[in-house]
Structures are given as structure tokens and as C-alpha cells.
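In what follows, a single structure is set out as C-alpha cells and then discussed.
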Amino acid sequence: MYNFRNDYSLGAHKKILEKIIEFNSEVNTGYGLDMHCMRAASLIEKELDARADIHFISGGTQTNLLAAAAFLKPYQSIIAVSTAHILDNETGAIEATGHKIIEIPGEDGKISPQSIENIMRSYGSESKTQPKMVYITNATELGTIYSIKELEEISRVCKKYGLYLYMDGARLAHAIMSEESDLRLSDIARLTDAFFIGGTKNGLIMGEALVILNEELKPGFRYIYKQRGAMLAKGFFMGIQFEALFEDGLFYELGKYANDMAKKLSVGLREQNIEFYARPVTNQIFLNLSDELIERLSRDFLFETMILPNGEKVSRLVTSWATSEKDIDAILEFFRNENK
Amino acid sequence: MYNFRNDYSLGAHKKILEKIIEFNSEVNTGYGLDMHCMRAASLIEKELDARADIHFISGGTQTNLLAAAAFLKPYQSIIAVSTAHILDNETGAIEATGHKIIEIPGEDGKISPQSIENIMRSYGSESKTQPKMVYITNATELGTIYSIKELEEISRVCKKYGLYLYMDGARLAHAIMSEESDLRLSDIARLTDAFFIGGTKNGLIMGEALVILNEELKPGFRYIYKQRGAMLAKGFFMGIQFEALFEDGLFYELGKYANDMAKKLSVGLREQNIEFYARPVTNQIFLNLSDELIERLSRDFLFETMILPNGEKVSRLVTSWATSEKDIDAILEFFRNENK
Amino acid sequence: MYNFRNDYSLGAHKKILEKIIEFNSEVNTGYGLDMHCMRAASLIEKELDARADIHFISGGTQTNLLAAAAFLKPYQSIIAVSTAHILDNETGAIEATGHKIIEIPGEDGKISPQSIENIMRSYGSESKTQPKMVYITNATELGTIYSIKELEEISRVCKKYGLYLYMDGARLAHAIMSEESDLRLSDIARLTDAFFIGGTKNGLIMGEALVILNEELKPGFRYIYKQRGAMLAKGFFMGIQFEALFEDGLFYELGKYANDMAKKLSVGLREQNIEFYARPVTNQIFLNLSDELIERLSRDFLFETMILPNGEKVSRLVTSWATSEKDIDAILEFFRNENK
Amino acid sequence: MYNFRNDYSLGAHKKILEKIIEFNSEVNTGYGLDMHCMRAASLIEKELDARADIHFISGGTQTNLLAAAAFLKPYQSIIAVSTAHILDNETGAIEATGHKIIEIPGEDGKISPQSIENIMRSYGSESKTQPKMVYITNATELGTIYSIKELEEISRVCKKYGLYLYMDGARLAHAIMSEESDLRLSDIARLTDAFFIGGTKNGLIMGEALVILNEELKPGFRYIYKQRGAMLAKGFFMGIQFEALFEDGLFYELGKYANDMAKKLSVGLREQNIEFYARPVTNQIFLNLSDELIERLSRDFLFETMILPNGEKVSRLVTSWATSEKDIDAILEFFRNENK
């Protein structure tokens, strides 16, 4: 079977694994207070061109729920588009911290400044929650990305209304390394209050780096980190991996590689006149395939198919640092044979 | 000023007040375990033609949040239409208990069996919450009502999927006593798992009666009742009021009176060609009025105007047990003068 | 039966009831934003000699849980003595808001500055909660009271460690009006960050007045108030009662009356050589009675007997604004007959 | 520096690391539904001689909070002794799930059946929480252990009162492999409702195996697992490690090795007349050392010293799978030199 199911099916990229092996016998301080976590944070700060509090967390759902628990007062809510991962793919993790998510329509998985304005104008009463954070993902759940200009406009409306801007970067490497992206980590650091850099989907065994930029959000975070079970005894395990990811550009390299594989795949699919559900610019490719095609494709290829509320089916092919040219060739070969 | 703002602007109906005075010097057991609460519960059970656990609670938001806290496991969610009171008019009270509300479109403020089916078909994964309760209001937030047939169909789809059916009856008297209603309390008892009978908007100083019918929802409720601060030391104060409301039909009488006043008002408004935003069948009348008309009307009349997300304005006139014929005459006189 | 069970067995004192009747037909704004709540708050502020945010809440458990939810960050905890009402008499209401209570030993129901110091010295690590509020009751659960000097010392250690000082005043009138008390409301306002003035146990049908003095605790409270179901549609019902309680000193008068009855009772009991479990200075009298005496006393008198963890039994006699001289004469007569 | 600070300062035991390397390039299903997790669970079940639901979780605090969130109703509480890890070393993680911990005195870190009885007799009112789970640790926070007989007696009183018995086994290997222990995993499976097998402190990079035995606690757990951020995308990473731990007895071997090192150390210390704070039977040794000795020892040896509430200092030396004979020789040499 060829794997296009997701970008977290294997262990770690070999450079990551080598570092884990290298430091396996070293005595380290516990709870994320070790030298590897510090050095990893310092390497990331260089990319940000900003001072940040950086915490390493085992997964995206946990990172998002820690942010909600730590950043918001009990009556404050989060604005997010209907495709947002936190809305319907994290088992109500945000609501379990006591906070409401205000769902608004998105466009290609993205939020618009105007839709935030609309919400803020209709809120304000004490019988409603107080919107306080805007949640966006980059790359989005549909594989699309934000430009500097878009992020600047969103940031401006957030500042206008005193909203925190938070970016879920589970696939941030893929967003930044998209051919169509003009965003760098330093832009994100300049324009958001907090965001996270995904490692799990970019070559690590596990780990996301939560980057807190807004000074008022920094104090007390480690209490929440411990209280919600996210502080690992051997926190250095994540520090070591992020160190490896950022000490010589591996973060960017792996993101670019996955995108390149996706590009090769989408170019090939376009030649076969396959219909795209969303324009492919990162490592996720969404397709409208017939039931028969889905059935035949799934004989040799691992991938997921979602059923939308309106009954429509959308199939997703994901590439990663672990995808080989051979995988791409095989799947394109499949489609070519179908078209004969 | 004439009051059409809401149905909870005055103290209690005089029969209620008389009972409060009558029993003021009586020694009673605390915490809702007194004879008045028991007798009130027993009077209500007669109307239900069913055995129920009945708890008296000071307001609707508290009743709804107690139900969520008591009836659901931490990963279970509630299905409700977008106009539902719990969604955006209770400051995130449900989410503060840890539970997600799944928002679906309604029709005239009502839920359809099909929309529940749709949700249940797209849920089921552990990465989503488990829908477990359907929340409906009767009369709805738009003043509309459910028929026996509609409730039966909703109940059937709930049973099919193991969903609890819960009815918010803040204005239940008005729903039941609508000329267009064929529902009785006994039908609601037969078709729902729990519901509440609103007192605050029907002549009481305060009080809603939560009626729990499903045996699996009954145990442990009084612990939640105490834990969330809803158990009053002088719980008999609510028992006395509900006793008065149900011992000789005052509940129905006041609901009908409010509806009659609303009917007189809507008939008069129709004669003046005023446009209705929703068809008036209970004690809330929703109108599309021009900005100028709103401005002039508000000089002598108390009422509310909402701004919808699309910018549209909707004005609401509410009648109650305390509305007088004189109030109706005055406001109809205003509209007649406008039309001259 | 003569009632010594508690101070919340009857309706309202007649002056309170008269006010409720007087304003029953008045149109009022909802949700505690009416003229009665404002005037009541203003009357209380005069007694405080301080600017405060004052919110009227239906009971003590709800007031305490609102304070915890509103004042603390998720990782902050409350220090309280082992007899504290919040520890084991509110069904875990505080923990249900997510906050830990750190239990420390008390003396006669009171906290000592030294015990707070001890806690603060052993805390500080991120693997422990951050103590942020000290909870005291006055009068305490054992009927004892704090002096100005004691409260000043507690306040000083709280300020030293950045702890909020919060007083549960369910029986504050009885504390202040104790012959042995030198505290006034203005002292409490000067020395605490927030406290509440109990109405339910001092002649109201229901109502506690939460007084927030510390500026940093004031914002956002009404959101929590609504979210936890404490904001009543007819909030004016509590405003009217507190207006009556404070417009001509009824608050003090009823507290003093209950204390006077308790004094007469304790003097009489001492003459009969009854053993006191705690020194009686307010309206609660704790006695060590034999099982036989408890049994005989309970034939004509309502009262409660607690069993301590060590198996010891303690009986409690409570007087109130509703206790009559006749009640006292009757119970003293009983004890005199026993001693013959 | 020689490391006696804790048992989680290094990476993984080499056999564990080898397995991680071996399976690094294998495609696996996500979210803990892979073959490694299944096989690890099956290997553990063999040791239990029982059917269990087994979930792999990244750390002890998270495991404990998941158990509280999943097993208890909102008004139910946990009984634990005052030294319990959940009480004051997990930043209020249990309370953050809404549940109260009832603190009772322990003896050498252990709970007694009688103390559970005492609690159950004084509870029962709706104004108190409902105790529903007893939390014990084995080995305890003081390094002591439970015998079969002790566990049977605790289990009996739990069954009598309908309490779940839950064992925190962060150092379970060390408990079981103590020379003084007669307990096996199958006894624990027979006598508890749920427990966890610690991996983080016994040679894994991270991972605890939560074992759910009571049928009524099994359903729905994976929803909570996802909701609280504990479900890892690459869950197979923990499965692989537990497979390695249980496929040829490494779990027992490493626990025994750590105990053996501790034994050698304690024998040597006893010869030097060092005073023990608790009798050493597992891999934690608690000592009463003078301030001067603590200062000198800390020049070459890593270890922790706690200050008890009464001001007393207790130093802790921990051995592990990674402790070498050389480490033991060095520290004993230190003490011998001190005694000269």
C-alpha cells in the first residue's frame, strides 16, 4: 500500500532520530527546563526576530486547549470559521475548558476581517459571551494559506477590538514553504499574539512549539501546562527534536519537500483532468472523485474521504517528508490507467 | 410609558402574592424539601399524567445549565437551532459546564427531524463530540409553537439515535394556550425526557419547574442542584408560588390572557397593514418597523428592537398577564394615528 | 414545635414583606439594573464608607462560587480552615469551578495569620496550585467572630503575599452586632477585597449582597453572574429587600434581636450547667448534650445535632429575627425541668 | 555529578530505544489504534490474567486527570491521603476537572480501610460531595508498598460502599519487585477498578498504561482521551515502547535492578548510621540529613530535599534502571569519608 492518508504515519525523520539517539544517555533536568528546550527556543526566537515564551507540547489539540484555558477569562469566547479544526475535530476540547466557539462562515477555509467585524458589532451584551480570541489555521484545513496582506488585515481588526490573534500551525512549515506564500515566521510573530509551530506533521515523533508573543499572555502558562497534564517529565525529548528541526533549516526543508511532492502530484492529476475540490498550494490535495474511483483507488493507496453535510464526498491525498517519488509515480500511473 | 418590553417587568400576579403573604409566618423545612414544593410537584404531576422528579429553580439559564451538567457526560453535546436561547443569550452557560452546542439551522425558530438526522449521520467519530441531547424551546424564541405531530416526529428521531429530548418552556403556558396549539402538558411529558415549565414569565416573582421524566436522568440531580448554587435555603418560596399557579388553573389562565391581549394587538396591527416578521401565535409579536416608526413608537411605549446579523431590524412587542386592555388600545391608537 | 433549627425557616420579616407588596405592581428594568438595586447598593455603600460594586445573589453557595469563578485564574487556589462552609457543605461548588481549596487547621473556626504564612512558604512551585484567595466566615461556622485587630493582621499577611481576602458574611449581621464585636461594615470594606452581606439568614426571603472593593476584581463580574445562572430576570425583587434592610437600620436591628435572644438562652443554659461546645457570642449556640437529652429535647424542639469525625455529638440551637421570648422561655423551662 | 535526583533524567533504556529505531520507518495507523498498541495491550493482559481496556498516556498527571474526568459524575469526589501525588503535586489537575479530593491522614503514605469507613459514615448528605473513588499509589510517595492483604481489605471496604479503587502506579514496577512485596499485576487487576502501569520512571521515554477493569468504566474513555489532548497522532510511539517493556520481562527486570541498587545503597547507609525518614523497600530512599551534610553531599551528587510543613528537612535519593554500581560506590564512599 502507498500511503497518502496523512503526514503522521511514520516515526521521525532520520536526522531527528539521530539526535534522539545521540542524547539518550545524557542526564537532563525534567519538566521542559533542560538545555535542549532552551536551545530549541533560542533557535526559534532567531527565526521570529522577536522575544517569545516558547513551550513544547505533545499535540495540536492539547496546544489549542492550553491556549484557551490560559489566555481567556471564563466568559470569553473564540471566533473561528466553520471548517476550523477546533470546532468539530477535537471532541469539544475547547468547550471542555469552559469556552464557547463562535462559528462563522469561512472562504476556502479562511477567515475574513469583515466577518470578524460583523461578529463584534452584534456582540457586547452581558447575555452573550465576550469574543476575545480569533483562531485561524495556516495552512488551513483545506490546504489553503494566508498572505502577509491578509494576515495584516486580520491583525488590524483584532487590535481594533482587543481580540487576541492565535494561529494553529499544525502544518505551518507547509504553509510557509508554499510557492504562493510570502509569509515568514517573523511576520507571524509580528502579527499574532500567539501561534504554534507544528512538528508532529513535519518529521518529529511528536511535538508542537507554542510561541507566546503578547506579554500579557506569558505569565502563569507553566501552571496550566502542568495542570492539564501537558508537562512531560522528560520534556527534553521534545526539546531535542525541535533543536534538530531548527539548527540547520530542517523545518523548512521538510515542509518544502512535502510541498514539492504534492506539486508533482497535482500537476500530474491536472493532466488527467481530475477535479480539485480546493486549489492545491500545500501538502494536502482535495479531490472530487466518483464512488467507483474511490473504491478502485483504495485498493492500493491509503487516503481519506470525507462526507460533507450536503452529502458531497471529498477525497484527500496528503504528502509528507516521508513520501517518495515512487509513491507519486505509482498514484499517477493509477490515474493514467483509469483514463485510458 | 406603556410596557411591551417583556413579560417579567412586574412582581407577581395578585393570587401568587396572596399565597406568599399567607404562608409568610409558617415554619418550613429548607432546601426544597418542604410541603409546598411537594404539593406543587404533585399538582403538576396530575397535569402530566406521569411520574416525574420536579425541581424548582430560580431562572431559565440556571435550569438549562443544570440540565446540561446533570444529564450529559463530559464528551456529550447538545443539538440546537441557531435562534436557540442557549446558543447566544446565556453568556456561554452551557459551554461553561464543559459541553458543546452543535448549531443547526432552524425554520421559524423550530428544529426539524431531518436536520437532527443529518447531524447524527455525520457524527460518530471519537474526534467529534457525541451528540446526546436535543434542545428545543416552546414557545420558540420567535413566538412559534410545536404541534403534537411535530413533537412526535422529533421524539421518534431522538429515540432512534438515543438522544434525550429537552424542552425549554420559559413561555410554555403561552405555547400551550395558543389557539393554534394541540399540545397539552401530558403530551410533553409523554414525548420528552425532561422539560421545564416557566413561571417567571407567567406571573411568578421567579421560578421554573424542571420536570424530569426519563428514569436514568433522575438520580443525583439534587447534588448538582446544590453544587451549582440553585438550591435555595427558603426553597418553599418557589413551592408556594407553583402551588398557587397549579391549584386552580392559574397557569393556563394567565397564559391565555397574555395570548388574548397579543391576539387583540396583532389583529389591530394587521388592520393597519403593519408587516409581521413572524406569524404571531403566542404573546410575542415580531414586527418589521421603519427606523422612524421605531423612534416615534419608543416615545411612549417600552419595547425592544434587535439587529440581525444581516443588519435587518426586528421589533418585539410582548404582552403578559399584566398587560391591560388600555395598553393595547393605546398602542393601536398610536398606529392608527401613524396611518392617517 | 418550637423552632431552633435554623434562621431561614420562615418567609420574610414583616417590613421586608411590606416593601415587596408595595412595589409589586411597579414596572422595573430586569436583570438587576433597576432603581431598587441601585438604591440598595447606594445605601450599603454609605455603611461601607467606600466605593464598591454590589451584586445581589440568591444564596451563599452561589455567591461563593461566583467569587471563585470570577476572581481566580484556573491554577489559583483558596486557603480556608477545615470548618469552612465551602470545604464540605457546598457539594464541591468551588471545585466544580475548577479551583482547589487548601485546607488548614483553624482555631474556634477562625484562621490565623501564621497558618497563612506557613502555607505561602511551602507553596511556590509550578507543580502546586498558586494560593490566591483567603476565605473566612464571620460569624464563623462555630458562631465565633473576628475582631478588628485579627482582621487587620490577616489582611496584612494577605497583602504581603498578594492574596485576596474574601469574607463569607452569611451571618454578618450577627457577627457585627455581637456584644463582643468591634467590627463595622466600614472596617470590613477597608480590610477585605470582597465580602458578602447575608440577607437570607437575617429576615429576607432570599438574597446576599456581594460587595467587591478591589478594583481589579470588579470588571467582567456581570458576565459570570449571568453565565452561572445567578442573574434573575426580576432582580429588583432582591433590590427591594435590601433597600428595606438598609434604609432604616433593619439589618442591624434584626441581627441584634437574634443575638439578644441567643444571649438570654445561653445565660439560662449556663444557669442549668449545660456544657457549651463553643463560647456563644452570636445567634448560634453549640452544646454537648447526652443522647438521652437530645432525644427528649427533640420531642418539642426543632434543632440539629452533628456527629464529628471523632464520633462526638454537638447540638446546635439557632435563634433569629423570628424567635420569640416565648420560644426561649419554653426551652429554658425544659432544661430546668430536666435538672430537677 | 552523580545522579540520584530521580528516575526520569535520561532517555530510554537501550532495548526500548532499539525498538523505536526498528519501527521508525513503518507506516502505522494513528491515534493509538495501531498494531503495536494492540500487541502491548495484549501482552499486559496476559500479566493481568484479566480482560481490560488499556490506553497509553504520556504521563501520570494526565492519566490521573483523565481517570477523574472519565469515571466520575460532576458531584463525585475522590478520597486520598495527605501525601497523595494528586493532592498537592499536580497543580490542582483533579480540581480542574471539577472534582473535589477529600484529604485524609495516611500512615507511611498508605490509606487504611478504617479511614475510608470513617469518611463514608460522615458523608451522605446532598450538601456534601459523594465520595466515589479511592486513590492510592503503589509504591507510595514515601517509597512504601501495599501487601495483598492490605489491598484486599481496602478493596472490600470500597466494594461495601460502592467506591471505585484506583491505583497510581507511576512506580509500580518498583513496588511489585520489592523484596517485601507479595503483589503481582494479576492481584492488582483482581482488586482494583482501574490502575496505571508507569513507564516514564521505568525506562521509557514516556508512557503510562491505564488499565480499566471495571466494565462500567470502559465505555466512552477514548472521547475523554481525545478531548483532554492525550490522544497522540503517533500513538504507536507509546505502543512500541510498552511492547518492548512487556515482551520479555524488561518491566520487571528494570524495576528489580533499580531496587537492587537502592538496597545496596541503603545497606551501606545503615552501616554508616545514617537516619532513615522512611523504611526503604523500593527505589526511593528518604533520609534525615543535617544542613551541613546536605550542602556537602550536593557538591557531587544530584538529589532533592523537601521541607515539610513543620520545617523538618527530608532528603531523597532515587535509583533507577540507569543507576550504575559506580554511582552507588561513589555515594557510599562519600558517607564513609564523612564518618571518619
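All chains are identified by letter, namely A, B, C and D, in their written order; residue positions are counted from 1 within each chain.
FYI, a contact is a pair of C-beta atoms (placed from the backbone, for glycine too) under 8 Å apart; a residue touches a chain by one contact, two chains touch by 3 or more.
Please read all numbers here as calculations on a predicted model, not as lab measurements.
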Farthest chain from chain C by C-alpha centroid distance is chain A
The chain pair with the larger count of contacting C-beta pairs, comparing B-C against A-B, is B-C
Using mean C-alpha positions as chain centres, tell me how far chain B is from chain C in Å, no decimals.
-> 34
Per the C-alpha centroid definition, the whole-Å distance linking chain A and chain C comes out as 51
Could you put a whole-Å number on the gap between the CA centroids of chain A and chain B?
-> 42
Interface hub residues of chain A, defined as touching at least two other chains | 74-75, 90-92, 96, 98, 126-127, 129, 223, 226-227, 231
What part of chain D is in contact with chain C in the complex they form?
-> 74-75, 77, 88-92, 95-100, 103, 118, 122, 126-129, 307, 309
Using the touch definition up top, name the residues of chain B that touch chain D in the complex.
-> 31, 69-70, 73-75, 98, 126-127, 129-130, 220, 222-227, 231
So, in the complex, the side of chain C touching chain B is made of residues 1, 3, 6, 8-12, 14, 17, 20-21, 23-30, 58-59, 61-63, 65-66, 90-93, 96, 200-201, 205-206, 223, 226-234, 237, 302, 322
